[in-house]
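To keep things simple, chains are lettered A, B, C and D as they appear, and every chain counts its residues starting from 1.
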Amino acid sequence: MLKIIEKLLQSLDKRTEARMRRTADIAGRRSALAKIGGVLVGSALMPILPFDRSLGVAFAGDAVAETSCDYWRYCALDGTLCNTSGGTLTSCPAGSEASKVSWIGTCKNPTDNKDYLVSYNDCCGKAEVNGGTFCFTNKAERPGYLMGLHNDINWCMANENKGYHCTVAVLVGMVDA
Amino acid sequence: MLKIIEKLLQSLDKRTEARMRRTADIAGRRSALAKIGGVLVGSALMPILPFDRSLGVAFAGDAVAETSCDYWRYCALDGTLCNTSGGTLTSCPAGSEASKVSWIGTCKNPTDNKDYLVSYNDCCGKAEVNGGTFCFTNKAERPGYLMGLHNDINWCMANENKGYHCTVAVLVGMVDA
Amino acid sequence: MRLTGALFFFGIGLFTMYSGYAAEPFVPERMTVETKIRPGPNAFVLDQSWNGVSRINVLSTGDLSTKGNLSVGLLGEFTLTKDHKTAYTTSVYPKRIISGPTEAVLQEFDVESLTVKREIIILPKMAQASPQITMLQLSANERYAYVQNATPATSVTIVDLKAGKVLVEVPTPGCYGIYPALQGNRFSSLCGDGSLTTYTFSEKGVLANPIKSAKIFDAETDPLFMHGLRAEKDLLFTSFNGNLYRVSDATDTPHLLDKFAYTEGIEGGWAPGGVGVMAYNPAHKVLFVSMHPDAEEGSHKNAGKEVWAISLANKKVLYRSVVEGATSLGVTTGDKPMLFTVDVDNGVLTRYEVDPDAKFAAKFSAKVESMGKYAYLVWVDD
Amino acid sequence: MRLTGALFFFGIGLFTMYSGYAAEPFVPERMTVETKIRPGPNAFVLDQSWNGVSRINVLSTGDLSTKGNLSVGLLGEFTLTKDHKTAYTTSVYPKRIISGPTEAVLQEFDVESLTVKREIIILPKMAQASPQITMLQLSANERYAYVQNATPATSVTIVDLKAGKVLVEVPTPGCYGIYPALQGNRFSSLCGDGSLTTYTFSEKGVLANPIKSAKIFDAETDPLFMHGLRAEKDLLFTSFNGNLYRVSDATDTPHLLDKFAYTEGIEGGWAPGGVGVMAYNPAHKVLFVSMHPDAEEGSHKNAGKEVWAISLANKKVLYRSVVEGATSLGVTTGDKPMLFTVDVDNGVLTRYEVDPDAKFAAKFSAKVESMGKYAYLVWVDD
């Protein structure tokens, strides 16, 4: 599993490297990422995917609250939960903006016992609220040499407004065993 | 006692008002203050007065440590003690700068049972150290309409570098009963 | 392991995938951004920083859950329009945060979306003061913002919100705090000589001569808290000693209307203390004051151990409610008041239900912790 | 009351006054500013902020008293010259602290006076990363500073400290962390494919082709912590699982020299954890590692409950000292090592005396609390 992500990231890195030699401009990088598409580019998904909370509903029987760090989706989340900051499990609080890039966790859903890819997007442009729930879990987290699995960094880094506000956990893929 | 300080402050205010009508420049204000001289202008004292710690020595028998908020000089000190921040009772820590203006407390020295005027100067241009001792005492403290007795304000306000680092307590006068 | 989601990384437009598990389709979720805060009345808690972002945390007065925040610069001050739909802050953004040239900024926020609508650069001499409602106020018609300055000589910057720029600076020597008049381009300020002084200006920024009241209070023996409130047409102030001053600023020269000691005849050395020491409920003409016992010179910032409900009509203390610690108060204006307290010592916001049929007793109903290291003031919607 | 000091307010040049009390003259004190910190070895504790000033608190290793601090911007990183007389930081100063354009700045400090000597503006793509020693390093001759970037694509900014400006940006795709070579204009970086890649540049900023090692580690099954250390001529890394890798970067192509499992045969599921997980004492060739029990996938940032002393000579664990909690370690380099730990969970800096005659057992000797909410790393003078 990690190897697959690793390869994807390497591929990404090679393409961006080539691009970087042409331009060091952030907008340039952003469009390079957008062309490759996918998980690292949260905002690129937004116009394409319809909003769907069916998974949230399906797992409503889950004993662990979505505002608890023990909730299954948060297996590699280093940050403050957006649903304790004015947002929801998958939405940023009003007045903040979605991070353009994100890191990925692979978490097991206790309901169906399957592994899901979770995109941990930061919400940006504000300071954290006071009193939000801070989580610090690191399952399959890796140092920055596997950047897409790394959470010791501000994932608002690619936004114009880089202040860290909170983190959402968005299901973006499923791992078939 | 308060009345005297009040009058002095009013006098100060009237002069600075006149000056303000000529210029809103901070440097201008600074020199106006310097001409009036005295307690509110900490830095103006520095080239004039020889360093003298005799009072500190005289009160060495005092039971209360100079790093405790109960030390007698700190009767109206809202801030972090410089002597727990790398400085001393009357000196700013290295790399910071003395505030150009200050507020005044009147504190009773238990050794001679006399009241002293204490100039609480802030040290400026750095953030507070972690782990410094924070004191919050307000004897004869007054709202900003008696600005020279007011401690709910950043007394680094007249410095170019306004970051609040810590506060010293300098004896500048004695009250004769 | 095979990664069903692998297509997802590369395939744009092909986002519905099927897992091997049952026949349930996997639909990737979409990240969104809330465009509005959750509906319902808000509490605004100001957590001021001197070396980083100051925050105004916005909470539901219903369940005290967090709706979001406004993030501003150092030394943040805050105010709201009368309809509570627009918020203003002043704060400073020095070049190197704790050093370098200071840029002072007035920011205008839409409360419903918690977004910055605009910025207006103001004079960098803005008072670098602890939170006080009197540091930032709006004019009667909300066209002007009044910003307290201190260098330490005091003045007020008048910001023309229509033009989006500073109109004029008003010298207010010896006076501090801004109390806007109910009408006109006018505000008053509390002065160290015991007067209230009124300042008037024209749309073009021409200043009239300030008008000073007779001596109203004695700054040495009975100093007033800055936290003055509007009660009907008058201004209310309390002294450190527990005297309530009712002042009129309706005519040209402000003047004292009434003064009474609400601590008189009550044992225990009680006195008001904190920052936002009073809150006023106009529906019942009842004032709430944060009170601490064993008062002495220098105890005027002590957090309240009780909140006293005082009838302005008969000048009596109606009820003394025990509270956990109250640096500042806020109260709703309607018939069934909810009282809020913040305690800067422990960062707690607490809600109390006030019962008008029980002499305005305040009963604890909820609290939330971690409102910040410097949570000084609270504003509440009805 | 009569104010003897009244003259003082107005009289310049007349500062010696006599009180009515005895014959003791009152001499007004003079406020001063320390020009140097108190002498003696220092500990530097980095408390990083993401919404305000990051601090490097400077303490005496002798009594753990505070000597002062360096105050820098958000996301502060820190390093020292070999003689510990000059410090460098990188941090960001966005226009509105948490929003607006980012200015990234390298700052040079004189340690003895805790003053900023100069600023160099660097690329704003500087990695907005939690503290890691590998984010900011100096070249062998200390002429260049290496700054880690991430957008998230990774690169390194080379800052020419002689010229006082950025020399060149080196793309380091798939690699992260900066390990300067012992000689020349060269550094290496750890890569997700399990290699170490070496980058060389000329004084003019011309980049040589990067040289990638053979695969040294497996990022999935035995990932390395970023916190690599220099041990004599080699680089030391530990994996999450407790394998110690000794790598040479002395020749053109970096290569693995040795690898051994220091947890082998020890019960309890111990593994290294934290941020600055290792510290090395060259006098004895002993490595200290922060270890936690019951390790599992995802526990690699857990604070250590023990510090293990490992002999590099015979590849054995010499002693397991119980500690209160250790996120990062620092150790003096001499004959009688002092070990320091910081614990980011509670902001505590702790000092231990290490006894070389007792198998390098570390005995608690002092601690200081309140080192900050994000006190991640510690550096110590000898």
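Here is the rule we go by: a contact is a pair of C-beta atoms (placed from the backbone, for glycine too) under 8 Å apart; a residue touches a chain by one contact, two chains touch by 3 or more.
In this text the structure is predicted, and so the values were computed from the model without any measurement.
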{"item": "Between A-D and B-D, the pair joined by more C-beta contacts", "value": "B-D"}
{"item": "Separation of chain A from chain C, taking each centre as the mean of its C-alpha atoms, in whole Å", "value": "36"}
{"item": "Centroid spacing, where centroids are CA-atom means, of chain C and chain D in whole angstrom", "value": "41"}
{"item": "Computed distance of Cα centres, chain D from chain A, in Å", "value": "28"}
{"item": "Where chain D touches two or more other chains, by residue", "value": "51-53, 71, 97-99"}
{"item": "Residue list for chain B, restricted to those that touch at least two other chains", "value": "125-127, 163"}
{"item": "Inter-chain touch pairs (all)", "value": "A-C, A-D, B-C, B-D, C-D"}
{"item": "Complex contacts: residues of chain B adjacent to chain D", "value": "1, 4, 8, 36-39, 42, 44-46, 48-55, 58, 84-88, 90-98, 112, 114-115, 117, 119, 121, 123, 125-127, 129-132, 163, 168, 170-177"}
{"item": "In the complex, chain C residues that touch chain D", "value": "49, 51-53, 71, 73, 93, 95-99"}
{"item": "Touching residues (chain side chain D, partner chain B) in the complex", "value": "1-6, 8-13, 15, 17, 19-21, 24, 26-38, 45, 47, 52-53, 55, 57-58, 66-71, 112-116, 347, 368-372, 375"}
{"item": "Parts of chain A lying in touch with chain D, wherever the complex brings them together", "value": "2-3, 6, 9-10, 12-14, 16-17, 20-21, 24, 26, 29, 40, 75-76, 101, 125-128, 136-148, 150, 152-158, 160-165"}
{"item": "Contact set on chain C toward chain B in their complex", "value": "50-51, 75, 92, 94, 97-102, 123, 125, 127-130, 132, 150-155, 169, 171, 173-177, 189-193, 219-220, 223-226, 297-301"}
